[in-house]
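Below is the structure I would like to discuss, written out as structure tokens.
Labels for the chains are A, B and C, by order of writing; each one numbers its residues from 1.
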Amino acid sequence: MSSRRSPVLASVAGMALVLPLAACGGDDGEQRTITVLAAASLTETFTTLAADFEAAHEGVRVRLAFDSSATLAEQAVGGAPADVLATADTTTMDSAADALAADPRVFATNTMVLVVPADNPADIRSFDDLGPGVDYVVCVDTAPCGKVAAALLSSADPGAEPASLEVDVKAVLAKVTSGEADAGLVYASDAVAAGDAVTTVEVPGADAQVTTYPIAPLDQSQDAELARQFVDLVLDEEGQQVLRDAGFGAP
Amino acid sequence: MADHAVSGLDARVYVEGRLDAALTAQAGQVVAVIGPNGAGKTTLLRALAGLVQMSGSVRVAGESWTEPPRLVRDRGLGYVFQDQSLFPHLTALDNVAFGPRARGVRRRDAEATARAWLDRLGVGDLSSRRPGELSGGQAQRVAIARALATRPALLLLDEPFAGLDVGVATALRLELARHLADYPGVALLVTHDAIDALTLADRVVVLDRGRVAQEGTPQDVAARPRTDHVARLVGLNVLREGEVLRSFSPRAVTVSLHRPEGSARHQWHGVVLSAAPHGDAVRLLVSGEHELLADVTPAAAGELGLAPGRQVWLSVKETAVQAYAAD
Amino acid sequence: MTTARTLGRPPLVLLVPAALAAALLVLPLVSLVLDTPWATFLDRLGSREVGEALRLTAVASGATVVACVLLGTPLAWLLARVDFRGRAVLRAAVTVPLVLPPVVAGVALVTALGRTGVLGPLLREGGVSLPYTTPAVVIAHTFVSMPFYVLSVEGAMRSAGERYDVVAATLGASRWTTFRRVTLPLAMPGVLAGAVLAWARSLGEFGATITFAGNYPGTTQTMPSLIYTTLQADPEVARTLSMILLLASVAILAALRNRWLTTP
């Protein structure tokens, strides 16, 4: 929800990124800053990793911009001043190929699970319990999580349409945790983040629809060395532990 | 609505800080209410209509409007407002038909009533016009028709001729006199014009600072005014000497540049404040111990150089002065 | 034009900001027109999901205007004409949705009418579940549009003044008759302006809708919701959809202007 924007042109979104940077540029020669564009589902893990990175590199600040992968990829191609791009699927990363300084590398995977509210009002114990009379929500199929959800639903047809197609996976999770929906399809990492608020149910065939998270430094980076170091942090053992703890799968 | 058993008005109106007046009138009477600005004339009308908080009592046509308090809409009154206040979105016909329709008369009958009233006030041919397309005099006729069309037991007219051209006002005054003569209820006419009071009213009530200062027939009030305001309205000089009022016409005043010889008891020294044509004379306002009016011929005015600022002596013969009790 | 000449040139201190304001308003719309892939425009217009979203937008905004008129007019009258304790507080409360971010409005609606909301269990017992239904869309739209309508009508009633209501009372009219035959006709310009404002607000609404009512083609997905979700995947298609909504709104607004808004 936090990243919801009104439908504006991507260039305007790009300007919004440029303006604050222009405002603070050059006020301190010692300060080095890198900007990381990351998919919304990476909010918690990348915030942790950015803090670790800043702790390990004195005088370095990491700016984080979370949004949908498609929006971020478009911003990267549009020349937004940023150093690293991490998306929630390979398709959107490929669409930003022109802006990448190195080949993207997969740093995490995610699978879909079904989550139900802690009190489980519709009494759902397995994926097969979805059906008429159950209000379940999924991502809209224009979002990456929606593509996966659509594939899962077509292979394991629950016999009823979703009640709503949410704009992103956070919105799906919010509907479930608030009790407004009986169930929702989210990433395993989201289920972990929600903690006790939800109960997780396995989705048949989820293993066949694994989402991969690629990361790459960007061409327009002003500090290629720092950008490369951040990518390394995500890929090395320290970064992987943070991601594992958050429910992500290994690459 | 059936005819009211009309039997007059009996009111004692007290409005905190503004008005404390008792008023009675017989059915069919027209009462002119005069007095200076702020004397409480409009407040009196609004209190009788139920539009301002008042204490006291109001009885109209044998029914109490205050015990228990009656809603404005149930009072059976006609109110002609100073600015007419015709509904701007309705035609003249719909304006006049509004009252009967609001009281449950069927549309067709209400419109027939309205048409008859517009005809009686000489504006029948304007029935399909909106207020914005009417002249001031026409709009006032429609407003009077609207007030009369509900056959009110009490008719309240607030300065009905204010803002009209002199000729228009004169014609309307004559017609209103005719309609008021036919009108069976009590009519209260607020005015600042002595002619209205003299030509339209059976009785005159003079309000001054929220109280009734004088009450009587128009002739009586005009001849023996008790307030400066009324004296000015009817064009008389009034002097108060203890319990006695003395009045005399400006025409009876002699103006001279030097102290008059002889034993004239009434003589004053003063400065001319203004000089203006008045009929075929020149009317002077002279300020000294009192403010007095004096009429002189234009020839005399020129001869004596009676322009503002001129020092003059005024005198009046005892025989021209009328004395009466101030009670 | 002669007065403009005799009064001198427009000063730069006014001209420059005016030009900037005009540019800010016009430039994005011109860019949208230029950027629209017109070649595929008609195909998109004919697609099923666009058709459904357009139909739902029309239904929802129409129903919203009706709801605003039926419920908002009496509320505006109450605020303009009846002196009661708490009137100032109520007026302030009515204007709050004006400044509320739409998503917050949606959250508030969920809290009140959602399945687990304050009234949710009550509604459920009555066999009513609002979320994920078209009525929920209308409720969300009405919530965000009503303040525009009420303020417009209340303003018109206030500026028309109580004086004609008083005249009607002296003529024997009840308050209902007075409202019907005097107050409302005199406030009609405000009613029409308010209805257009409410309709326009409803047309663009999606934040509260998507939060409270959800987003599903045919039942809850309006044009703005469709545009927003499409923008995530395919900005080009989103531009086309935006253009469709823009053309539809401008066409209806122009029609309304000619029908009603130009006559006093």
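We adopt the following convention: contacts are C-beta pairs under 8 Å (C-beta built on N, C-alpha and C of every residue); 3 or more make two chains touch, one makes a residue touch a chain.
If you're wondering where the values come from, they're calculated on a predicted model, not measured in any experiment.
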Chain separated most widely from subunit C, comparing mean CA positions: B
Middle chain, criterion being Cα centroid separation: C
Dominant interface by contact count, named by its two chains: A-C
Geometric centre distance via CA averages, subunit C-subunit B, whole Å: 53
Between subunit A and subunit B, centroid-to-centroid distance (C-alpha), Å: 85
Rounded Å distance between subunit A and subunit C, as computed from the means of their C-alpha atoms: 34
Residue numbers of subunit C (touch at least two other chains): none
Interface residues, subunit C side, partner subunit A - complex: 28, 31-32, 35, 103, 110, 114-116, 129, 131-132, 207, 210-211, 213-217, 220-221, 224, 227-235, 238-239, 242
Touching residues on subunit C, where the partner in the complex is subunit B: 163-164, 166-174, 177, 181-182, 185-186
Complex interface listing, subunit A residues touching subunit C: 1, 4, 6-7, 9-10, 12, 68, 70-71, 74, 135, 137, 140, 142-143, 161-168, 171, 175, 178-180
Residue ranges of subunit B in contact with subunit C within the complex: 49, 51, 71-79, 81, 85, 87-89, 98-99, 102-103, 146, 150
